[in-house]
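By letter and in written order, the chains are A, B and C; residue numbering begins at 1 in each of them.
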Amino acid sequence: MNKVKKYLIEGIMALVSLLFLVPLWMVLINSFKTMPELSEFGVWFPKEFLFSNYLRVFTEGHALRGLFNGIYISTAIVVISVLVSSMAAFYISRSTTQLSKFMYVVFIAGIIVPSAVIPTYMILYFTHLTNTYLGLILTGSTTALPFSIFLYVGYVKSVPRALDEAALIDGAPRWKMFFQIIFPLIKPATATIAMFNFLGSWNAVESMLYFAGPDKWTMPMTVYAFYGQVYNEWDVIFADIIITLLPLFIVYLVGQKYIISGMTAGAVKA
Amino acid sequence: MIRKTSRIAISLMLLLSLIGSVVACGSNDSSSTTTTAVSTVSTATEPVKKAPVTFTLATFNGWGTNDPILKTAIKEYKEFSGNTVELQLFPDDQFLNVIRTKLASGDATDLVDIAADQTTIPTTYYEPLDGPWAASLNPLMAAKVTRASDKKITTAPYSAMSYLGAIYNKEVFAKAGVKPVLKTYNDLIAACEAIKKIGVAPIQIANKDQAGHLWQYIGSSYLFKNESDLAANIMSNKVKPQDDAGMVELFERTLSLKKYLKSDYASATGMDALKQVATGEVAMFANGSWCYGILQKDFSDKLPNIGIMPITLGDDSISVTQTLGGCGFSIPTTSKHKVEAAEFINWFLQPEKIKEWSQWSPGTWPYNGVDTEKSPWDDEMSGYVDQGLTTDLGLEGQFPNFDFVKNDGYALSIQSMFVGKPVKDTLEAWYKGMSDVNKSKRTTGW
Amino acid sequence: MKKDLNSRIYTPIFIMPALVLYFIFFIIPNVGGLFVGFTDWTTLYFKSPRFIGLDNFISMFSDPIFFKSIFNTFYYTIVTTILKVSLGLIFAVILNNKVKLTNLYRAIIFAPIMMSTVVTGLIFSAIYHPEKGLLNVFLGKIGLEVLQQQWLLDSKFAMNSICAMDVWMGTGMLMAIFLAGLQTVPKDFYESATIDGASSRQMFFKITIPLIVPSITVNTSLGLISGLKVFGQVFVLTNGGPNDATQVVGTFLFKYFGQGMLGYTSAVGIVFTIFISLVSYFQIGTMRKKEVEM
């Protein structure tokens, strides 16, 4: 009986996984077909593997520029958001003052409040940061703050306070104490947050449209060269999606084993 | 406690002052209209000797008609002048808003290609334009692209003045015994019945692309002829469209076509519709003669079998509709390469260049005396005029500010009508759309 | 002594870099947005907004489409939250009990979190395509033509089709949080329960559920907030159509944003933010109470 149940569960999970895989498989396999063969979006192999779609993604879609911009901007956002939010979270979760409680609420509100695109654009305009990498990086880091702080605050709580006090007796400066002793201990949360922020900033579209011109656009924007209201070149769109997902896939492979450990204290015990 | 409140007060004041400064900065540099026209008449024909520059051109991924023209032009212009034009392609559903925001803040590209249309973008954002082409500009088009405040041209239109009508399959028509032109609404219904009998779907409206409104838009000229002050009254909010019996009847007649639509009308795109007419799955699809260029790409063998004809939803009048729409270049006042951008426009609009571009946009261009490629569809439409049909420039030609037919309110509400919105609600939704747009434009009377 | 230590080790300076960023690029724009909601600011008259009092709010509340979009947003939120939370919990419980290919299954079900709504939307509009789409093609191949539908174009199915895509996208994230929650449940609880002869169902309801209430709270909040804020999913698949059947507040707002009506957009945004805040406040409040009770 138990064995039957076990196989049943295994079967169900295999089926579920299939459901999750099929859409991605469809994109991959159809990206090697061209329009005439693509009269329906099937899941079978193409008659012949064609790379012409990929060639067009790089020549007409400026994929190299998109990849470079995406990696540059997203990496910068990850570094800034991790440093800045871990420090803020350390203060928020440790300090017992009213200020720290208030700040926690202020930051968490950012998860709820929708972003105000045009007013943010105005800020960039008046600080002369429109169409600059710096502007995109700073706004992107800010967008990443609330959720990062939320996860970090929970995680920092799992690090014993005694460590802070011990470090202080050594007489080290406070920032040194934080980065030498606390920061290494919250590495699982850092891995999770870094991964989410990389994915999030790589996928940001709205900010790209308004805050920067196409020379700063990241990979997901390149699809618009092929996707219009009337002209949908699905074969090239599929290839573009694959190139867009490729770096994310690498980040995901490296990062996914940290997801659960990073969340354990971060989201669940908070 | 006191310290806490004072802290909050201080931070609030800081915030307010910051916002204040933001608002103040915004209002300082208004009305920065430049009065000197960027004119470089002489340099249009000889290569520029200056160091090559790169300037940017923003446009959107629309029907794809301006795409081959722009790409070819940019390539040729680089060979001619050494200057590089960098094409920036925006998503078409967001282009207008993005470019309006960037124009307003002075962050736009050096050159923009939006539409030969003055109603969606404040013309104060543009440099006045001049060049050899300006003299030959069609007067009706010239009126459309000229700024009211100082009578300067601010947009240089390019692309043919398309005819609007029903693109139809000649073979299907012959088989069903239908002959163009269908001069009344009743003729249209009779033709649909005949086509239905031979097992072909009479009409495709491509509702996915909101193309359903086109049939009504083209077919409505009778109404505005019969009720000559209706358009003006709607524009000034004196008459609500839902209160006008003629308008209600027009919408009802449009909806009555539903039983003649191809079954996939809700999901079909404009491209699907063209394909279906080409292959004879559908008899008719209302659109513009610019579609000839699109069909040339994939269905050149079928083209002799496809025609275009005027349509009407009225009982007593039909006319050949031409449109003043199309693409157009403008130079933002904040452009960093005004001179080079103007040189590009002048080079682009030389008569022999227009002739070259017209292979992708065949028909009459809005430049008098300029020889362009014509498609058989242009001949067919002008043939109907020779047979005695009146021509009109569509509603936009007769009423230069009658732009609301193009905004979301009209097309969107008719799209909804075909999937179940009652006629009365459709008219109200259109009115709501018009009211939103006119309020945001601060039109008097709204 | 405690307070002294507190202020000696934990200095508010640590919060400054985050706060400066957050203040400039989030708080100022949003507070600015508050003011904008009372003006007729548009991209057409970018440099001359006028104060118009409550006009924006009045026209919002007299627009039936606005109420329709609120209803649709609620429908979407409730359906997707229930499905994502329950499926996420089921998958997490199964995958917590060492199934053979646990790691592979986990990796696959997580995978959609790396994709943006735009990309996922594009993929699903290809799947739902009435003639070419994988779903209808598949139904046709296995002889179930009767089930073929115009998934996104028929107002009966459009909303549920979008919900299905969101479940596909979002379940992995919630499952991850549940898995994290399950790891905090001590193994010996189950051992002693097994010795006492408890059935696996009893263990699930008497041990697992009470101990992972915090992760249920977090997941329900995340589900509710992301549901109420839904935009990309609907925008890419249907943009609110057909006939407003899938109009949600996010797309309603964007329709006016796209027309450049920034004042009106802000007003809708203000009302909606208040709305989400209230929902989250009550949801977290009741859930926290439950945690204490348990």
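Just so we're on the same page, a residue touches a chain if its C-beta (ideal position, glycine included) is under 8 Å from a C-beta of that chain, and two chains touch if they have at least 3 such contacts.
In this text the structure is predicted, and so the values were computed from the model without any measurement.
For the pairs A-B and B-C, the larger set of C-beta contacts lies at B-C. Ranked by separation of Cα centres from subunit C, the top chain is B. Work out the mean CA point of subunit A and of subunit C, and you get 16 Å between them.
Subunit A and subunit B have CA centres that are 38 Å apart.
The distance from the centre of subunit B to the centre of subunit C, each centre being the mean of the chain's C-alpha atoms, comes to 37 Å.
Multi-chain contact residues of subunit B (touching two or more other chains): 22, 26, 93-94, 101, 105. Residue positions of subunit A with contacts to 2 or more other chains are 118, 122-123, 227.
Residues of subunit C in contact with at least two other chains: 27-28, 32, 129, 131, 257. Those residues of subunit C whose C-beta lies close enough to touch subunit B in the complex are 27-28, 31-32, 35, 40, 42-48, 63, 129-131, 150, 152-155, 239, 241-244, 255-261, 264.
Every residue of subunit A that touches subunit B in the complex is listed here, in rising order: 98, 118, 121-123, 125-126, 130-131, 209-210, 213-215, 224-232.
Subunit B makes touch with subunit C in their complex at residues 15, 18-19, 22, 26-27, 29-30, 93-94, 96-97, 100-101, 104-105, 121-122, 208, 264, 266-267, 407-408, 415-416, 419-421, 432, 436-437, 439-442.
Residues of subunit B touching subunit A in their complex: 4, 22, 25-26, 56, 60-64, 86, 88-94, 98, 101-102, 105, 107, 109, 209, 269-271.
Every residue of subunit C that touches subunit A in the complex is listed here, in rising order: 5-15, 17-19, 21-22, 24-30, 32-33, 36, 91, 94-95, 99-101, 104-119, 122-124, 126-127, 129, 131-134, 137, 168, 172, 176-177, 179-181, 183-184, 212, 214-215, 218, 225, 229, 257, 262, 266, 269, 272-273, 276-277, 280.
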